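Naming follows writing order (A, B, C and D), and every chain is counted from residue 1.
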Amino acid sequence: MRRIGIWIATGGLLLATAACGGGSSSGGGGDAGAPKSQTLSVGFVAEPANLDFTSTEGAAIPQALLVNVYEGLVKLDQDGKIVPLLAEKWEVSPDRKTYTFTLHDNVKFSSGAPFTADDVVFSLDRVKADWKLKIKSQLDVVDKVEKKDDTTAVVTLKKPSNGFLYSMATRLGAMFSRTGVSDLANKPVGTGPYTLASWRRGDSIQLAANPSYWGTKPALSSITLKYFKDATAMNNALLTGGIDVISSVQAPESLQQFADPNRFQTVEGTTNGEVVLSMNNGRPPFNDKKARQAVRYAIDHKALLETAWAGRGQLIGSMVPPTDPWYEDRTGDYPYDPAKAKELLGGKTLNVKMRIPNLPYAVASAQVVKSQLAQVGINADIEPLEFPARWLDQVFTKGDYDLSIINHVEPRDMGIFADKSYYFRYDNPEFGKLLASADSGTEQEQTEDLKTAAKLLSDDAAADWLFLFPNLIVAKKGVTGLPKNAISESFDFTALAKQQ
Amino acid sequence: MLKVEGLTVRSGDVELVHDVSFDIAPGERVGLIGESGSGKSLTALSLMGLLPEGVTATGRAALDGPDGGGDDLVGVPESRLKRLRGRDVSMVFQEPMTALNPLMRIGAQVAEIMTLHGTPRPQARRRALDLLDRVRLPEPAQIARAYPHQLSGGQRQRVMLAIALANEPRLLICDEPTTALDVTVQKQMLELIAEVAPALLFITHDLAVVASVCERVLVMYGGRVVESGPIREVFTRPRHRYTEGLLAASKLTPRGTRLPTIKGSVPAAGRFPGGCVFRNRCPHATPTCEDVPALTGDGHAHACWHPAD
Amino acid sequence: MTLYLLKRLAVLVASTAVAGVVVFAFMALLPGDPAEIALGVNATPEAVAALREQFGTDRPPVVQFLDWFGGLAQGDFGTSYVTSAPIGPQISDRLGVTAVLVLGGMAVAVAIAVPLGTFAAVHHRNPLGAAISAVSQIGIAIPAFLAGILLVFVFAVKAQALPSGGYVPIADSPGEWLRSLLLPWLSLGLVQGAVLTRYVRSAVLDVMREDYLRTARAKGRGSTGALWRHGLRNASIPVVTVLGLQLATLLIGAVVVERVFVIPGLGDLLLNGVAGRDLLLVQGVVMVLVAAVLLINFVVDVAYHLLDPRLR
Amino acid sequence: MRGRINAGLVAGGVLVGLVVLAAVVSFFWTPHDPTLVDAARKLREPGGGYLLGADKFGRDTFSQLMVGARTTLYVGIVAVGIAAVLGTPLGMAAGMTPRGWLSELIMRVNDLVFAFPALLLAVMLGAVYGAGTLTAMIAIGVATVPAFARVARAATLQVMVTDYVLAARAAGRGRAAIAVRHVLPNIGSVLIVQASVSFAIAILAEAALSFLGFGTRPPTPSWGRMLQESQELLFSTPRLALWPGLAIALAVLGFNLLGDGLRDYLDPKLRRIRAEG
């Protein structure tokens, strides 16, 4: 469960206001006018730089393409459970090292090529050989991939791993055609219910329904993904009919605008996104556990969530979202107690650098954090850095910071604390041991180990967890099939429909 | 031909020109002299209907046509006045450097005054060349194509004269037309004006100039005509003490003698004394002068309680 | 005139070249090696070196500059280190959008300023003229983005009459294209119009005091006719200068307005480039904007010379 | 000759005076701590010690406006200061040697700098050194240098042909002496007017930069950022946008009126060589 590298932080891109502009005309293009054709326009915040998620970091590409254009053998459902997709079913050997996937018959890529076990072998081998992302190390545990027959593929692991199947539900498990990887950056070829119709850089991506889709055909004939850099602009677009759905509300105080149930609906669920107040464990003052604990006591999380994010979201106390099986409520570990914080600091005043990405939630939270820390004698100087480039360079890569705030959106990402070179600079060998044993142990052992690990993180005050980022979707009335929870890498369009 | 009666010019409550009356006969050349601030330019402008904003004229000024019909120049609407301007009355201004539109060719500017009053364009163009020739500009065709900045001051003033003469007006008003010119050019210009002018109202502060061009002269001070008469008489035998002072100041004096001047300076508009406007500067002023003297006398008239003889 | 044009052209070329050096040097100051950034934290030195060679960033800066600037002359802006896409087409796409935005805004400004400014000058003693001056003073004081936000609020959100943002290419639908641009044009144009109104007013006032206007009236023109025939062209000379300066202002003001109205123009591209540390892209966009300003200055100077025969 | 004190001058003076007053007083006293976050006061309505209410963080709007005035003045003073200190000597040097290579060089460089508007410079500087008040001020200041240089040059050209300068030159005074004793005092009024106008532009530029996130860092109150932060509440709590918007508009109006008024007051002739922008 070693998850390192830029991918994890650029996952924050999902929440970045860092993409190009969107458009305005409702419903996009499609075959407007044709009977039974339905189109939908969805507002997003981060536009992909290109369409190749095997070589380009960032959450924007899988958000648009995974499950919708590319499919894996398995996928995550709304509750975080792993369910079949291209694999009808799978079997795990008793030693938990061999996975046998039975594939759906009659599956075709959008290029017309049939999908067979050969493509499984090709795709998984390609991860090791050609992918340029750090996260590909998650599949290092794979020993070999073999074709048994056209509809049966066998994956052998080097050692048992609880994380393997989960990884297969992420982009790492996406299935590529042997003849369809020549121009991944511009021409994605997958088995999914949608295909790429057009891409107007800086504005929108249009997906069209795949006429030869093997499974249940989507209700919509096309979907337009429109990109907005500015939260208010996206709100206005929905208010004026420019789009049908806001995929992720970036200005939660503005939800009141959409209160009219005759026009709009709001879907509120949960995500994997822990908004972390990261502390640099590797240098003074926060190499001192007492100082870190003081920070945790000094922050009134309830007030913070109320002011910074309109009370939307959930309070958490460690790096585990409630949708994970090993979740425990750890919010009681450090109750708001400024007196105790002062006591831990021993009456000292700290001057620290709070270098944050210039994203709405981070800028809002930072101002609250600064104000609350000031009450106990910690003087935090806020410096917003352009996200992603400058923040990645200064904070994530160079570790030149004392405090930062970022939403770690990737699923099951507690492992980042196990890497002492990660920008937290958290170094506790015991934590690493717990994670290793969790990955190779039984499911129950895994749960127990991870619970202990989460408690350890919290006790050590390795960071502070401000809140769990909410999944806030606003849509026009009549749009159905919106995902309640955003706990996978993709925005799943497959169930989306519009009532006539 | 031009008859001005009781012309009064006001700016708000301040009277700038008071009760001015005079006549100009056809072909007559009349000079209007006075220091700056005497109201001579305003008198001229009020006849053109070109008073600055906020300045108004009352009284009567009528231009008799050759057929006996009369055109009022004061107190008539702009729409009627603008038909007379440039056709029946024309004016040449003091500053030739700025009086022409810098962005327009000379020929067009001359032709414009004719097309405005109904001459067809091609005809106006042709006549413009004739006019330029008439004001003795060399190479009229070349001049017509030039822009104002390519001409000298004297040339420009000739162009202004050509414009003024274009529609054969009955009256030409010249407001210090030579003041801004070199002395040598001045003389030619004056000769030209004297030669071409129909009836002329010539405004200047320069006595010598007026003597060379005009037959009759009006002397203005403090917004009033203080003396008027044939040029020879007024200049050789001034009656009003102001005229006397003015003449004395302009005379060449033998070396060593003191230059006689009028004491003090011209008051600002509205600051002239009541009664005789000159009394605060006049060496002969008595309490009598607190009453306004009337302009009396036929031919050679003056408004002074203690005239010179 | 020809000599002047040639001299001015030489200055334009020289200035653009110097601006190129400045922009290149400035961007070279950006911390971080593009190859290192592209490969991430744990890249091997060999891989970084290989990528550097591929990008050409291993060469001496002078060579890099000449290569880049030489490419610019042929419309080649290089290939982005970040998106691997050629930069030239991106810039030219966006440039068209921004140009339409800026020129439309300018047209609105002129349409507002010329009649209002002239009116205010002619009636400068009237309450109405004074009112126009006062309103223009207030208009100047409102930031363009605030005007944009308010316009969206009123016309798009409340009245639902116009789209709140976005850009529809004219080829897709001319009607929608127009609708999508109306509010951005207004928000750029209203504020600049207010600024321009003041200049027009003062230029016309200056002209109204000119002797040649009195000459025109002495010829028999009414005051309006004199102003129309002789005044406006003269007044246009200082206004054209301001117009050029304003065009430059608008070009930059468009950056903000593009953000408010979600218009994929050059400003948007620039901010993206900065956020994504797309060095070559930022370099290219800045260069285009700077060159545009220099070009506008050139055009204004030449227009000035054409308008005013005294300078020919 | 001095003109009359006109209504614009008075109005401008009063508005600018209010901004200065708010800024100065804010050093010693504000009704509340402008950066103190308090969930209990979130979006508090105006009244009861909170004259203009509180924002979503529970921060007192009136106190924020007061400290925001400080930020505004700070940005304006530093930016205009940079522009004046760099631009004036350059313009004077160009004006005193109107036909020399120095003049030509200065004015060409000036044109070049002019091609880098404040916003572009700020974005570029922000990308290199990080966004913040200082980078914004430097960018605005440098971008304003050409305006000062041009105005100083034009005014110097006029002063150089006056009799007293000719007399001083005839008397053999050195250039530096003439510059300090004759030129500078006589172009001072033009520069003051230009400073006032540039100040207004600087305020607008800072607001735009704050809106784009390249301006003053949070939580230091700045009118531009207050406006930006209030956007999401434009529907429900428009007052949060109203006050900073009004503050910006009135401050800009004040400086513009002050500039125009000073121009008329100090020297009616100045209209001829007024600065662009």
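The working rule: contacts are C-beta pairs under 8 Å (C-beta built on N, C-alpha and C of every residue); 3 or more make two chains touch, one makes a residue touch a chain.
Being a predicted model, the structure only gives us computed values, none of them experimental.
S.K.: What are the mutual neighbours of chain B and chain D in this structure?
M.R.: Shared contacts of chain B and chain D: C.
S.K.: Quick check on this structure: which chain has its C-alpha centroid closest to the centroid of all protein C-alpha atoms?
M.R.: Taking the mean of all protein C-alpha atoms as reference, the closest chain is C.
S.K.: So which has more C-beta pairs touching, B-C or A-C?
M.R.: A-C
S.K.: Report the inter-chain centroid distance for chain A and chain C in whole angstrom, where each centroid is the mean of the CA atoms.
M.R.: 39
S.K.: Would you kindly tell me how far, in whole Å, the mean C-alpha position of chain C lies from that of chain B?
M.R.: 53
S.K.: Distance from the CA centroid of chain A to that of chain B, rounded to the nearest Å?
M.R.: 90
S.K.: Find the geometric centre of each of chain C and chain D from their Cα atoms only, then give the gap between the two centres in Å, rounded to an integer.
M.R.: Averaging C-alpha atoms per chain gives centres 22 Å apart.
S.K.: Name the residues of chain A that each touch 2 or more other chains.
M.R.: 232, 386, 390
S.K.: At least two partner chains per residue is the criterion; list those residues in chain C.
M.R.: Residues 31, 149, 157, 259, 271, 274, 277 of chain C each touch two or more of the other chains.
S.K.: Send over the residues of chain B in touch with two or more other chains.
M.R.: In chain B, nothing touches at least two other chains.
S.K.: Work through the pairs of chains, note which ones touch, and then classify the graph as line, ring, star, complete or other.
M.R.: Basically it's none of the tidy shapes, so other.
S.K.: Can you identify all of the chain pairs that touch?
M.R.: Final set of chain pairs in contact is A-C, A-D, B-C, C-D.
S.K.: For a test of understanding, state which residues of chain C touch chain A in their complex under the given definition.
M.R.: So the residues of chain C in touch with chain A come to 31-32, 37, 40-42, 82-85, 90, 93-94, 149, 152, 156-157, 160, 162-168, 172-173, 176, 180, 258-264, 268-269, 271-272, 274-277.
S.K.: Please output the residues of chain B touching chain C within their complex, sorted ascending.
M.R.: 48, 50, 53-54, 78-79, 82-87, 90-91, 93, 95, 98-104, 112-113, 116-117, 147, 149, 160, 163-164
S.K.: Applying the document's contact rule, which stretches of chain A touch chain D when the two form their complex?
M.R.: Touch residues, chain A against chain D: 231-232, 235, 251-254, 256-257, 300, 302-304, 306-308, 310, 358, 363-364, 366-368, 370-372, 374, 382-386, 390.
S.K.: Taking the touch rule as given, give the residues of chain C at its contact with chain D in the complex, in rising order.
M.R.: Interface residues on the chain C side: 11, 14-15, 18-19, 22, 26-27, 29-31, 137-138, 140-146, 149, 153, 157, 202, 241-242, 245, 248-249, 251-253, 255-256, 259, 270-271, 274, 277, 282, 286, 289-290, 293-294, 297.
S.K.: So in the complex, which bits of chain D are touching chain C?
M.R.: It is residues 108, 111-112, 114-120, 123-124, 126-128, 200, 204, 207-208, 211-212, 224, 227, 231, 234-235, 241, 245, 248-253, 256-257, 271, 276-277 of chain D that touch chain C.
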